[in-house]
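Take this structure, written in structure tokens, and hold onto it; I'll ask about it next.
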Amino acid sequence: MADARLVIARRAAAELRAGEIVNLGIGIPTLIPDHLGTDTEVFLHSENGILGVGPRPVDGEIDADLIDAAKRPVTALASASYFDSAQSFAMIRGGHVDVAVLGALQVSHAGDIANWAVPGRDVLGVGGAMDLVVGARRVIVTMTALSSSGEPKVVARCSYPLTAAAAVDVVITEQAVFRRREGRLVLTELLDGASVDDVRRSTGGELAVALELL
Amino acid sequence: MADARLVIARRAAAELRAGEIVNLGIGIPTLIPDHLGTDTEVFLHSENGILGVGPRPVDGEIDADLIDAAKRPVTALASASYFDSAQSFAMIRGGHVDVAVLGALQVSHAGDIANWAVPGRDVLGVGGAMDLVVGARRVIVTMTALSSSGEPKVVARCSYPLTAAAAVDVVITEQAVFRRREGRLVLTELLDGASVDDVRRSTGGELAVALELL
Amino acid sequence: MPARVVSLDEALSHVHDGDTILCGGFGLVGAPMSLLDALAERSTARDLTVVSNNIGEPGRGLGALLRQGRIRHGISSYFTSNPEAVAAVNSGTITATLLPQGTFAEAIRAGGAGLGGFYTPVGAGTALAAGKEQRELDGRLQVLERPIRGDVALVYADRADELGNLSYRKTARNFNPLMATAATITIAEVGALVPVGSLDAEAIHTPHLYVDLIVVRDG
Amino acid sequence: MPARVVSLDEALSHVHDGDTILCGGFGLVGAPMSLLDALAERSTARDLTVVSNNIGEPGRGLGALLRQGRIRHGISSYFTSNPEAVAAVNSGTITATLLPQGTFAEAIRAGGAGLGGFYTPVGAGTALAAGKEQRELDGRLQVLERPIRGDVALVYADRADELGNLSYRKTARNFNPLMATAATITIAEVGALVPVGSLDAEAIHTPHLYVDLIVVRDG
């Protein structure tokens, strides 16, 4: 089996279309640019105030005033523009970002997402997570099928505090792609040799499966 | 007796202090810059999106993209900056404009102001009047004592539709200066040879008069 | 998607009967005059709602559409600058929503920013707050104002790059950056089209994600 | 009034016990580091409320004030970037208000713009809306969020002119222009002071009416 993160990143890259405005969260989403075809140039928006994030800088090219929302040094495309944080989130909340790709702790069958807080742990950082899942036109969740303790992350109902209800459009794990159709996640595609039963075992509750996979 | 408008403009100019951010309405307020001392440089804000309005352009200097809120061609100071209308009114409403000087149809003893609509006539233009009287830190009204039909403009209660309640700080007519103290307009200064009785005759209702004038 | 450079006719094909048109400009300064002229001369779209600080001037800009009877409703802070607009409201030919200028600007910003509304002290207790929710917040009476959005935004910018980044010039900026954020389709008329990378990144007032179509102003 | 260029010590004399400090920067990028270092080393102001996207890093920026026990309350979207801030909240040393980042930015803008509040769909129905008014507007559940203002704003800009016009550089802009609008006194630390007229008027991000004091960054 291929490295789960790469399987997910590669499949997520195929969801993006040339010219789209895309916001990438931390973790797996940051691997996506490496898997985009050369004819699929997208424009990366980072919520700290830039449209047109370029590749990571080589040594000596680092600009201390130029970072992404993960606080990593980046470069800027020739088309790049900068804006303040209110404007940046006005873009997000106003539906001007086509796609947000981000990780999650849990996604429910209804498309609810929990990705900012674990009960009983510190809930002191939310950042732009809530804005992105509410505001982006398409929300793609990239996550491994199981948590590090082996619990399914696609669940009948989220037990963790919600980031937003009915917000997720697509979920991509190393096993499968799920799409929200008529308000409910549907398994639509198997990845990397997984079977429907494999996916059933690693998701909580009764899962809807697209006809073509049965 | 001097020309009423010039008396008012000259006296209003003396209310401004060096360095203040000032928004000037149409009519008499536009005469004020000519009466400012050379040591009283103020910064003119115009709500269509400029801080740092300069003098009127001479012929051949007119820039079609550079106007004030009265839609007149203007010049810009070396310090000038431009901003969109939401930002411009954020400045006004947020208390970042020190002084608004504007005309009025009526000002009540409580400092209520009516300057945008006459009952029975078209009330289809308000522009920035309401924002300015609510938002500017100091609101100075410049107006002739009487309307063209001979009615007092300083009145016990406004009969015209209000622009804002309890918003006016200073009223300057060709006869007098009134200041709002403890929620009530007080006659504090006589202009151009007027007497307290002259002022009483040209204002509606019982007027408070500062002790030093009695 | 990157903006596409199109002809006036193609741009106007996106304006349909019954649409709400957001239009930049303070008076005619910064107004997209080529788009408005073409809209009057070469489009038949009618029953329009126009959202603009002024309804043009008599026969000019939005005033030309008004004369043609193609405007149904106006949302504005100052109809008064076009006496024909005032007459049209008084005769019942068009209906009008009058807003304080700052509220008007802020409502369009809210529309583009995905907000549900905002409270402002401006207009509270006056005739312009009639029928609106008012409540005391921070010891001041405030009015709830709702976001404004449109189907098509028509804006004017001094320069655009080929992706659709826009830079405005002096007081021609005015309402244009706001209108550009708040419509389903944003059409920018521009004074000049320049290569990507030739605008100052710190002076791009409207990043390209807001712009769908670009029309280069005639001559 | 035009901004005055002052020393660090004079600038810090405006920070008092119990003040609410608005501080620009995303992490430490665009943070006014000289002002923050001096605040930690040369001021005794305590019981501070800090409004900043992060509470610095351990021992750096606002993190230095935190270590000194001079912060009473934090308003932020991401305390987590400084584990010591998280620990301080958990031990009850400081209290915390957590806001979604866009709501945080918008609330500061509202504070500077004289608005009474705004409705946003972000956070509606979640734990972060607990205790807040929620209502349905335009078919979506929305949360009423209130403006944030401060006594003193500390911001960093790449350049200022002698009147106080500010230009930021790249992603060091972030929260700085917002913070500059929402405090009684705004103190700008700047990389360079330039003569009036040498900034591009179209790229002045903070017009001088927002700025009270300027401190030129060391070395």
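Each chain gets a letter, A, B, C and D, in the order it is written, and its residues are counted from 1.
Convention: contacts are C-beta pairs under 8 Å (C-beta built on N, C-alpha and C of every residue); 3 or more make two chains touch, one makes a residue touch a chain.
Just so you know, these numbers come straight off a predicted model, no measurement behind them.
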item: Which listed pair, B-C, A-D or B-D, duplicates the contacts of A-C in over half of its pairs; value: B-D
item: Chain pair showing more contacts of the two, B-D and A-D; value: A-D
item: Where chain B and chain D are represented by their mean Cα positions, the distance between them in whole Å; value: 34
item: CA centroid of chain B to CA centroid of chain C, Å; value: 29
item: Where chain A and chain B are represented by their mean Cα positions, the distance between them in whole Å; value: 55
item: Multi-partner residues of chain C (each touching 2 or more other chains); value: 106, 109, 113-115, 120-121, 168-170, 201-202, 205
item: Set of chain B residues in contact with two or more other chains; value: 76, 82-83, 89-90, 92-93, 134-135
item: Chain contact topology (line, ring, star, complete or other); value: other
item: Touching pairs - complete list by chain label; value: A-C, A-D, B-C, B-D, C-D
item: Complex contacts: residues of chain C adjacent to chain A; value: 1-2, 109, 111-115, 161, 163, 165, 181-182, 196-197, 201-202, 204, 207-210
item: Chain C residues touching chain B - in the complex, by the definition given at the top; value: 26-27, 29-30, 53, 77-81, 85-86, 89-90, 96, 98-103, 105-106, 108-109, 120-123, 125-128, 158, 168-178, 205
item: Of all residues in chain D, those that touch chain C in their complex; value: 106, 110, 113-121, 137-138, 140, 142, 146-147, 167-170, 200-203, 205
item: Complex contacts: residues of chain A adjacent to chain C; value: 19-21, 43, 45, 51, 76, 78-83, 89-97, 135
item: Chain B residues touching chain C - in the complex, by the definition given at the top; value: 46-50, 63-69, 71, 76, 82-86, 88-90, 92-93, 117, 122-131, 134-135, 161-165
